[in-house]
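Take a look at this one; I'll ask things after.
When the chains are written out, they are named A, B and C in that same order, and each has its own residue count from 1.
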């Protein structure tokens, strides 16, 4: 089982201070490449125009703290990288508590927790702290010190292309821009490298696989600005992977119209894997599915999560730590996505090769004595239903939906029926 | 607010004895034209063939009563014009109670009320009275006197055409043939003239407006027999307005298949305006939607009511008096229909002009600090959803349905996005 | 009423030992032909290849028993033809109880009943008995004697073709291969011959009727292998009739996609005839609909039952005897199928011949006084709805569904409206 290995990788990624650019991202890729050397890195210079956006200056941080008049550090980057507002400009000044106020970010409804807050596109500096910490601040002067740089540099992203028999692609995306939070988002990259290795090891791949690790929003937009044309021609289904390490539930965010092959595949798998899974409409989008499903982009992509971002209380706080995630949580995500990939790989239009029911008994596929109590083994019943519905007009996903059997249970039976030439793959336009 | 003005107009119309032809209709139009001089009147001669029907003789009434042997007037036209059976032929005779019986119309289930009863297409005479009144009649002779004329003349209807930028039309219809009943139907004409004035005052009209005031059934058929060809080419949506002055609920009668643009528009507006609105299928049709949606006519028309005809107890009785209607009731109808018109005027296929999400923050359309607690203002969220769904493939009504925001709240945001060129109007075939 | 006559015929068929081939089938046809001389018989030789199957050797039985050491007959074919495993090869040998074990068939969950068991396609012999009988067997030797023949011969089926005005066909199928069980399946053939006579007696038939009596599975496959091409061109709707003699409920097994004309017709009739009818998906198929709806065969056929096979406790046991069925049960099935046929015969696309509502009053079709309390007779309301919906775009079944009136109540009204030329039959492609 890969759950333990994914958890261990997430643990290793956890301490790094990542942002949408900078060396935290590069250190993250160094670790990922130890597990998945085939990741190819790209550096896109600051100032590059990407659709309606511009690649920002590169941000790096060495440290930072807020100190009182006695020099006590109220909050310090060393304690938690969440304490510094993401993309803070450097500062080194003394202010009164009143002046400091607008630079402090808290969560009044979760007074124990440090919020994760950023200001990528307007220059600010600030400290994030728990409401309790803030409440203890007494009038007086404070020393705000933030040692960051915001300079021309580049945005870093990673890509793995795993070729298959055809140029048609299955697309997986996750992001590598969040600092020390576990489910959101050390989990996505940890899952992704394990998926990459599983896909590489498949004995046969019909499809080519495109796996990307990008900073959220600006990274997805940057990636699309360089790859959209080819992706629109090739991608048949895609999954945005985020918050995939906890074990509370399973969730998906549907595509805009909820009708892509990715929607159908994930519904099909989840309804058998975890029938109580949660479906969120595109109105609840929030991660990079926002770009992949933007009007005109229209890639057939859904978002897959265990507990969906925005929906679990620890989201975007210091409580999204390593106790949020588990080997079991990872394993569940891994199982779902590998089942989706298997379903897509075998999602052909199958057709029985004879008219009327084939005589399954003479092939040993069903019993030869007929009696009311001869309850068919489930597999025999499944075989009867496959040949009873495989008319070349529905794909395997729809066949699975109609006969209410998971695709992963159908695949071995389909292979057997192809072998004895009772099934063939139909042309389909 | 126009509610008071509409109520005052209905009050003025109330006393007049109208029928499907005759001077009551003409007096009604005199009053309406004071408020809406642009109404153009048409007179269609008796005997004119209109599809399967013939314009009937013109009916006029000077008075009538039923008197007992002592000369006491049991019922008298002076007291209520409902007392005389609509389209009664003249009579002046003495009959026994037994002979009189077949000429008396009552409502046994509502014994206090005078029914509204007519016999347009078979010559009869009769009196309508409360069951209580009838129960008091003693054996003896009675004098039936009805002073009417039924002669060649004409059927009168009114029409307002308000031109717009295109020849495509929005159609509104109401009727002017009911005697002294308030909701059904002094309310429809009172609303209609106020709508006409609102439409005239619009700074811009994409559509041309066709508003008609006709006697029910025969008038709608007559109108269609003279205008159907052009209406089939031009009308994109229409609303039959009846029983629009009370304030108990909101109702619609769907088109035959429930799928016209008029259905979609009225559903969209009512689901936000009054979520508990009542939807009646075309099986419950009863007003002029019967003609507009007849097979082969097939105009995209629905019927709008507050309390639907046939469904409120005062319907077609003397209790449908001025206490049934109110300024508030009228205002609600006015608001709904003007919202429908606004929705239709702006019902384009909008499309975002950039790939991926536009950077709304740099345009001041959403906040530039991102934190879990930064709850977006509703308008910012609506803007994100507009640009997240505006793919040029759905019209504004469907966009509104998908993002669950009323069209009238979307229109100002759409205008702003058109201004900053983040949206454009897509071609749509 | 035909219920009694159908019951009497089923009673006459009941004692015969039928199987998928042999003289029991031929004796059954002798009886059926007394009621329906137009049945034409076909004999298909053993060894004939029919799609994936081969017509088996012909099986005949003279008798058989299982005796203990004292010569007492434990079970005997004379007592019930269910005692001998269907298609048993001959045997005459003495065995120990232990050796006998694998040749005994019982129903442990219904210990009083003899199961109906067969082994058509693998040579076996065996006895079927109640679990109670088996439990009484003491250790010792037993004499197994089965006097059957399994030799080259033929498979027998019957067909009735009743010509109509067009070559388009309505198809009815039932089976004649079950030994002494009443509902499954003396009922189907008994119903079928009465339907044949009713169809023959129709004053007018638009459609040609194809009625077949076949052994289940192999017979349906054999029939299709000889007739599929013409049936695919001609059959517009078909019904497989089985278990049609009890009176517990009404059931249907839908076609694969549930959308054929046969599905629509049977739903339409049953929803009015017996609103609590049961609908089973094609996943619950089990009778010859398995062949008629097999992928590539795709005939528009559903299965009709009272209590569905597999779903009533007496199914495939000795308890499916004459007490299971009744004249009332048969009558219900007869009424449903004749209603379906009538619905199909009149299932045209009707269109009103005038624009706007026709003036029904002048034709005496609705009252000429209009008042709130003038409740229309149901027929008048139905007529208004027919002309309000008959747009030439929906067939009579959909019209019936939309206006919620059974087709059999609509047909006389449709005829009247055709007579007065307010309706016509529209061309429809």
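Keep this in mind: contacts are C-beta pairs under 8 Å (C-beta built on N, C-alpha and C of every residue); 3 or more make two chains touch, one makes a residue touch a chain.
Just so it is clear, the structure is predicted and the values come from calculations on it, not from any experiment.
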item	value
Interface composition of copies chain B and chain C: same or different, split at half	different
Angle of rotation relating chain A to chain B [CA atoms, steps of 5 degrees]	120
Averaged-CA centre spacing for the pair chain C and chain B, given as whole angstrom	54
Sequence positions of chain B contacting 2 or more other chains	none
Chain C residues within the chain B interface of the complex	351-352, 354-359, 361-362, 368-373, 385, 387-392, 402-404
In the complex, chain A residues that touch chain B	51-53, 105, 107-109, 115-122, 124, 217, 220-221, 224-225, 228, 256, 282-283, 285, 290-291, 294-298, 310, 315-317
